[in-house]
Every structure is written in structure tokens, then in C-alpha cells.
Amino acid sequence: MSALSISNLKLDIHGHTVLHDIDLTLDPGKILGVVGESGSGKSMTALSVMQLLPRGSNWSGEIRVGGVSLSGLDEKALCQMRGRDVGMIFQEPMTALNPVHTIGDQVAETVRVHTGVSRREALAVARDMLNRVGLPEDRFPLDRYPHDLSGGQRQRVVIAQAIALRPKLLIADEPTTALDVTTQAQILDLLTGLVREEDMGLMLITHDLAVVAGLADTIAIMKQGEVVEAGPTREIFREMRHPYTRALFSASAHVPDRGRKPEPSAVPVLSVDNVVRDYQQPRRNLFVKRPPFRAVDRVGFEIHHGENVGLVGESGCGKSTLARAILALDALQGGEIRLNGHVVSSAGEGPHPELRARMQVVFQDPYGSFNPRHRVRRLVTEPFHLIKSPPTGKELDRRIDRALTEVGLSFSDADKYIHEFSGGQRQRIAIARALIIEPALIVLDEAVSALDVSIRAQILDLLAELSDRLDLSYLFISHDLSVVRAITDRVLVMKDGRIVEEGETENLFRNPQHPYTQALVAATPSLQAALAAPAE
Amino acid sequence: MTAYLLRRFLSLSLSLVAASLVIFLVMEVVPGDPASFMLGINADPGALAALRLQMGLDEPLPLRYITWVAGLLQGDFGVSYTYRVPVSELISERVMISLPLTLYALALSTLIAFPAGIIAAARRNSAADLSVMGATQLGVAIPNFWFAMILVLIFAINLRWFSAGGFPGWDAGFGPALKALTLPAIALALPQASILARVMRSSLIDTLDEDFMRTARAKGLSRSQALWRHALRNALIPVLTIIGLQFSFLLAGGIIIENVFYLPGLGRLVFQAITQRDLIVVRSVVILLVFAVIVVTFLVDLAYAAADPRLRRQRR
Amino acid sequence: MSIATRAERSFLRMALGHPAFVIGCALSSFFIALALISFVWTPFDPTKLSIPTKLQTPSLSHWFGTDHFGRDMFSMIMVGARVSIAVAFVAVGIGMLLGVPLGLYAAARRGSFIDELIMRGNDLVFAFPSLLLAIMITAVFGPGAINAIIAIGIFNIPVFARLSRGAALSLWTRDFILAARVAGKGAVRISAEHILPNIANLLIVQGTIQFSLAILAEAALAYVGLGAQPPLPSWGRMLADAQTLISLAPQMALFPGFAIIITVLGLNLMGDGLRDLFDPKLRRER
């Protein structure tokens, strides 16, 4: 009997069709990977199984959990099913737990709701479960609150809640997307271990082919509310019958064409020398001032003309703080930053506006990067504020036209508002805004992290092409090692405010020296490695 | 936790000092010579000199402020010019009406608002929700003193269930005294209950949309179990702020409502003092009310810490 | 047709399809119209005493009846609307003009000593409900409409300072503000160019609500004699006059009360409607 079988599932929300003809099966002890880009309907499929669909939803077809058809169950029976027969893990561990209850109570609640045992017995089960998911008693007593825990630890609590009654089916919706790679590897290990030992079926939903490639027994590829292809993982990847599977695969593994290698120049475009950034911490109490937190600790490196340098590290390592320091958004506590040999900012001294025009930035969030009340014309010309006599009239139009054309848009887009563009187009506009004053360096702060893989591949191509043609240098900041590997010449690895390793990209990834780099590389799911591995 | 309390306590003390300074400046410095202000233009020079001496007006300003505050700390508000009795006596009598009235109204407001807000949020867009929203929309728009007059017209004059005003005193027994405060408390409470119910509703609706509510449902809790166990306590946190603010509105509103019902509370006292230009009484009542508001704000902060474990994080 | 006019037209169409907003606008503009007409015409002179026609019930000549001095209630309500609206308008204006820049400044200098000072100052003002402020001011300067304006206005400053600081703080963390800083723009320029336009909707909604609260506060102050002084009629004082005569002439209490309720209700409905219309999330759900 399969842990989950879905046949002919159709779903519409407020008359708008979201899913059609979904067929999926999952056996106990197996992992089903559901892969798709945003809007593919993969989360809605999961919520259909949980029967936690938004208001105005209407579904038909058949969903069977452990052989029991959901269409025959009333709300009361569904409540009994949720948590007991099916457990679910969500994407955002930071908000998935109730902030005002202890972790012990929250895990115990699953037990109490379904079995009516006493609070003490339920807490004993909770204790076992927390131990099981790697939160041992001495460091994680039951009376801890969620805010005491990190994201990875919170995700473990969510998992403990979901498996407390050993359900036959576990649904995990992007369980590691919000986590760092090393934490991601640990959580994925934990989930696989649970599946094998407890004989659960796991439906693992993700946008990242590499994550499921190494884990899943079977895979379903979804696109616009349909399963375009499904079957055993190795078979799917080997044959890639459907064109969308092929497209998704090539976009995930995409490496843009890079032209010539940059020549080291006499004067580097950017030189960061012994830079220190301290943060004032809130006082411990009224009388004790805490020492400042050193977010960037004596960091130094150079970027040459046309060179693309990657900066990788996990959240909190100081890479964004360093980016802000380079962009002269914050004052330094030590060291010096030079652009083309001129000091942009040094300890105790503010930024120099003229030099600032030589570097620009592209941020991660394509939705938050633009003032929603301005037109594209005004948005892309904002950097002209840095120039003493900015272009006007015809010249201004020419510059706008050129910047928009460079990024694959047209001059007619200049009079539109930002909400008329998709995420990928917005990132193009952000690049146009950076290009318009012809900078020497662009800082790309997680610039492709929020994009779907197919869009990401296009933006990476655009960036590579612009760098070649305009002799642009990039500082490419990302938590995603595979993207950095695809587009950079050199990589810096940052941990706890310091650069722990630096080297030629391919070299460094093939042969990491520092233990931290080794851990990062090992934890990063790799599509090629997963497919090359011999069949079990 | 202690650090949080200590910080709140320090900010409480600073607020008290700042408030007393503001009141001192407005009531003692701005009028120029408070004594001649109180006695009017045709004052008898002898009486003027006596009052100046009594108020210590010949002292330098900082010393006058310190003397005043030192007196306040010992419960000495000075002597009323018109009544010729210590202000503390006048006030303590009247507080026994104004404070119970405020608390009575606050209790009523909360008792009405919570169920209304919870039902409206739990059954969003239902008939119950729409009627709660309609009733509160109207309730917010009604001036409490007008509502008080209408209550008098209906329940005192026409139906004769209550007396139209006055207060028998607490000596007459708890029942009659409470009965005399009932119409005023209802008049004060209903408009505030409307506000509170709306805040409760929207706070609860926001909480119901949180990720952890979906987690709770995924664990197998029914809609109402999830609401009671997970949503309510989180939704209460912003509501506490409004309850704190309402205390000051009710206290101030009470001053006006006392006028409608001829209750001998702080409100009556202060309006009489204004017409008689008795600045000593006015400033005493004002500082008392302001202190009450600040202390309640402090209590709300404590309630916050009890409701929200994130504020207690410096525990370890 | 340019995009802006298309957006404006669809906003207008949506506004007309929002019943609460339409009703709110109609109610509040009715009273604003009454106030404006009162400058050029009232049925009777609202200050003229006429003892023979005192305490009349509503009739064709005196639509809302007359008061204990024989003054025409409808005329008094018209002129009273003028006072209420003027006081509320100026008071909310003071609150906005001082509160918004303070809030924006505090947000731009978040975490600094100045920010702390502004916020603690706000807390301090919040400890003085407008009635207490009015009592203090009146005790020293004597009663009058100006005192009511000052008292309500001062209480509105922290309301707008807090609101704009809170909203501005969340905007300051957005990437488009960082982009503006990368373009070398300073805090003042960013506040004016990027922050203010993005919190304008919020300020308009809050302004409407504060306007209705100010009308209630003005009525309360006038009722206890701390507002506009005779012979200028005001809704609050009409109610104070009505109180002793309530069993004899309930219409004296009812009509000014209805005037207050309808104006405040109208403004609140308008504010709620604007909030719905400005919120793109709600707009999509409709």
C-alpha cells in the first residue's frame, strides 16, 4: 500500500485553475522529489494533501493517504489525519513556530491533540523526539523558546513536531531553502535518515534540482500546474524525455560563455586594504556596555579590470557588511578602500561622491529595489546625482536608451512603472541603473538568488556578456557556490568576518585547502556529482 | 528580565520627572506671578503678599521646583487657596470616585470588546462580523458625554431605573455606590469598547495569517483549537498597548462624564478650580492624572514581558 | 492615453464601487458644505435671541426647533459645523506639519541620541491627554477656541511622529533606499524623494481618522467650557445647554449629537475606505 497516491487531482481557486491532472505515488520508506519553478503548483499540491487549501478552493480527483481516500473525510476526521498520519515541514523556520510557547510544549502538542495522554507523558515523547532530531537535552531543554534557537535548530523543532507520532507520510515544502548550505546538508541528512529508519514516505518539494538529484528515489517535474514528467530519478535524468526537463536541467547547470581571461593591471580597480567594520551592540544592561561586534576583521583583496571576483560565505559571515563598506554606505573603523588607486574611504573618513560614480550595485530583491512610485526613466537615472553636470534632454534620452538596450529592454520601457515588469526584467532594470554612469565596478549582492533557474541563467549570460564587452569588474556576492563557480574568475571565502581562503575559482573548488571551504564545497548539492554516482 | 524591568523603571522615573517639569513650567512660570494671577487685578496687597509667602514665590525657581516635588513625594500637594484645606485631602476624597469609575469602565470595555472582537475575527465576513463592525463603527463616532445624556434620558428620566446623577458615597454601601457609577461607566465604556473590539479583531486576523497558525493546523488542531491555543496570546500583545492608552482616555473622559452625572470626583474639582483660578488645585489634579497615566504605561510594559517571552531574553 | 491617467481612472472607478467610501464622503462633505454655506446664509441669525419662540419643536420654519433662548437650532448647527471643522482642521494640520518631519528625522537618524530624544518626547506628550493639556492651558490663559486648537494639535504631534517614524523605518531597510544612497543622496533628500511619497497614503488615512477624533475632542472641550466661547455657537456647548433641559426639550440634545455622530462616522468610513483603496493587497482581493 502506497503512503500517498494522487490521481487526477484538479484544483481551482476562485475559478482560476491552479492544478490539473496531477498523478503521483509515493511508497513507504521512499523519497519523492517534486521539482518546479515558482507558480508550478508544487506547494498547492502539498496543501491539497494536507487539506489546508486557501479559501475559495475547489478540488476534484482522488487523494489517498495510506490507502484512505480524503474525499470521504469530514473536517473532524481530517484533523485526526493531520499530524497523526501526515506530518508537514515548511519553508520558513523563523516564523513557523509560535513565539510565545516553549519548544517542548509545541512538540508535545502534536501528541496531546491526538492521543489524550497527560502533559507529562507528552513532554516525555517531545523530549525523545527533540533528541532524535539532534537537539540534545543538555543544550536544548524543553523550556527553551523559539527565539533562543537558530534557523536550522528551529527547523529541527518543526521536524520533531511533524514526526512526533511517526506518521506514514511526511511532506517537506522547501525545507532547506531558507538555510545555509552546511545546515541544509545536515537537515537533508536528518530527513533521509528518518525516512529509512521509520519507513516513512517523504514528499520533498524544492526548486533546486541538485537537492533532490542526490536524494530522491522518484522525481516529478512540475510546470504551470501540471506534472510534465515523473519517474525514477536516474531514469528521468538519463533520458530527459520532456523538453522542459531538459531546459530545467541545462539552466540549473548553466555556465555562461566567458570570453578572454582578464589581464592583471598595474592599478587594481578595487583595492580593499585591512578593512575593519565594528558594530555597536546594545548594552547588556544599564551599566555594562558590550564590546563592539567586529563584523569585518582586517579584510584585504584586489579586483582587476574585467575581473569577476566571487565572495562566498554563510549568513552572518560579514559579506554584506563588507559590501556596504565597499559601497561607502558605512564608515570604516580601520583600513582603506581604493578605487582605481584613489582612496574612496578610509578609517574615520566619509565617502567621496565623485569616486562613488565609478562603482554601482545590484541587490537581491527584484521587488524591493525600486521606488514603486517612480517611472523607469527616473529609476535608472538616479545615479546621475553623483555627477556634477548630469546629461539633459537628447543626451539623457540617448543614455537611457543605451542602458536599457544593453540589458535587453527597449527605450519604450522608460515610461512604465516598475510593477509592470517581471522579476527577471526588474533585475535587468537594476543592471541598467548600475550601467548608466559607466562604472568600473559593479557589486552584485545576491543578484540572482531570488530568481527562478531559467531566468537566472539568462541574467548570468547577460552579466558575462556585459563584463566582456564593457571591460566591467564584478564583486559577486552569493551564498550559492554553484552560481559563483559559473561566473567568477577568482573566489574569496569568508567566515566570521575574515577571508579564510582565496584563489582561482576552478582551483579552489576542486582542491579546497581551508577546512571551512572543504565543508562548504562538500555540503553544496551538485547535480553532476549526484548523477555520476553509481546506482545503489 | 531584570535588565528589561530596570530599563523600563528608569524610563518611568525619567518620564515622571519630565512630566512634573512640564507642569511646573506651564502652571508656575508661564503666568508670570501666579499669586497675582490667582487673586486677580484688584487684589489686596496684604493678601497678595501672604499668598506669595505661602507659595514660596520669593524663592529662586529651581528651589521652588525642588520644594514642590519634595512635597509631592511626601503626599503634600500644598494648601488650596479657595478651600483653605490641604489639597491632598480634597483629592483623596474625590479619587475614591474617579478611580473606581475609570476601572469600572475599563472592565466593562474589555468584557464587551474581547468576545465581540474574537467572534468577528473568527467568523470573518459572516453576519456576526458585519454586525460587530457596523456597531463599532457607530460606537466610535458617538461622543461619550452625549451618550451619557441619552442614557440619563432613557434609564433615569423615562424608565426610572437609575437616578439621574449624584453619588451616595461608599458609606451607603457597595451596592448603591456601584449602581450610581453604572450609567457613567457604561457611557464611558461603550465608545472605548468599540475601538478595542476593532483592534482585537484586526490583531487576531493578522495573527491568524501567521505561518505558525498553519503549522498548528498541520499538527491536527482544529480551526478553533488553533485560535484559542496559538492565536489569542499573540494577538493580545498589541491589544495590551491599546488597553493602556484607554486608561488615560477613560481617566480624562471620566472628568467630563462626572459633569453629566454631577459626581463629586476629580473632574468637578478641577473645573471649579479653573473658574476660581485656584492654580494649586489645578496643577495637583493634573500631575496626579499624568502620573497615573505614566504608571499604567509602566504596568502595560510589565504585562508585555509576561505575554511575550522574547522580551525576557536576557534571562540567562 | 498615458499610464498615469489610466491608473487614476481605475482608482476612481474602484472608489465609486466602494460603498463605505462613497457614503463616508457624502456624509462628511455634507457637513463641510453646511459649514461653507453658513458664511453666506443661515435660515436665521444663530446669535439672535427671541424669547417668545423659545423651546419650539421642529417645524417648517425652524427645521430643528429652537433652544431655550429661541435661537434657531439648524442655523446654530450650521455655524457650529464651521467651528468644529476649523478647529479640527487646524489641529490636525499642526500635528502633521510638526509630527511628520520629526518622525522622518528620527527615522533618518535612527538609533541616535536625537531619535531617542524625539521618541521620549513623544511618550511624554502621550501622558497628557488633550483634555489635560486644555485644562492646563485654560487655567493659565483662560478659555477659547485657540486653546482647543493648541491642546488637540499638540496631542496630534506624537501621533504623526510615531506613525511616520515607524513606516519610514521599514522603508529605510529597503533596497531602493540603499540604491539611492549608492547614488550619493543624503538623508533629507531621500526622506523627501523616496520616503514621504511612499508613506503619503498612510498619512492621509491617519489624517482622516485624527480629523474625526479631533472633532470629538473639540466637542468634549466645548461641552465643559474649555472650547469656543459664546456667542459663537458650537456643537459641544449646545449639548451643555441642552443638558439641564433634557427632559423638557430632548431635541436640543438630539440634533447637535446627531451632527457630531454623522460627521465623525462619515470621516471614519472615508478613512477606512481610503485604507482599502490604497492597499494593493486588499485591492486584489476585492
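The first chain written gets the first letter, and so on, giving A, B and C; residue counts start at 1 in each chain.
The rule we apply is simple: a contact is a pair of C-beta atoms (placed from the backbone, for glycine too) under 8 Å apart; a residue touches a chain by one contact, two chains touch by 3 or more.
Only a predicted model underlies this, so the values are computations on that prediction, with no experimental measurement involved.
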Chain-chain pair with the highest tally of contacting C-beta pairs: B-C
Greatest separation from chain A - chain, by CA centre: B
Between chain B and chain A, distance of the C-alpha-averaged centres to the nearest whole Å: 50
Chain centre separation in whole Å, for chain C relative to chain B (CA means): 22
Partner chain A, residues of chain B touching it in the complex: 2-3, 6-7, 10, 210-212, 214-222, 225, 229-230, 233-234, 307-310, 313-314
Footprint of chain B on chain A - complex, ascending: 50, 52, 75-76, 79-84, 87-88, 90, 92, 95-101, 109-110, 113-114, 145, 147-148, 158, 161-162, 284-286
Chain A contact footprint on chain C (complex, rising order): 2-3, 174-176, 178-185, 194, 197-198
Complex contacts: residues of chain A adjacent to chain C: 324, 327, 329, 351, 353, 356-357, 360-361, 363-365, 368-373, 382-386, 415-417, 430, 433
Contact set on chain C toward chain B in their complex: 120, 123-124, 126-132, 135-140, 212, 216, 219-220, 223-225, 239, 242-243, 246-247, 250, 253, 256-257, 260-262, 264-265, 268-269, 272
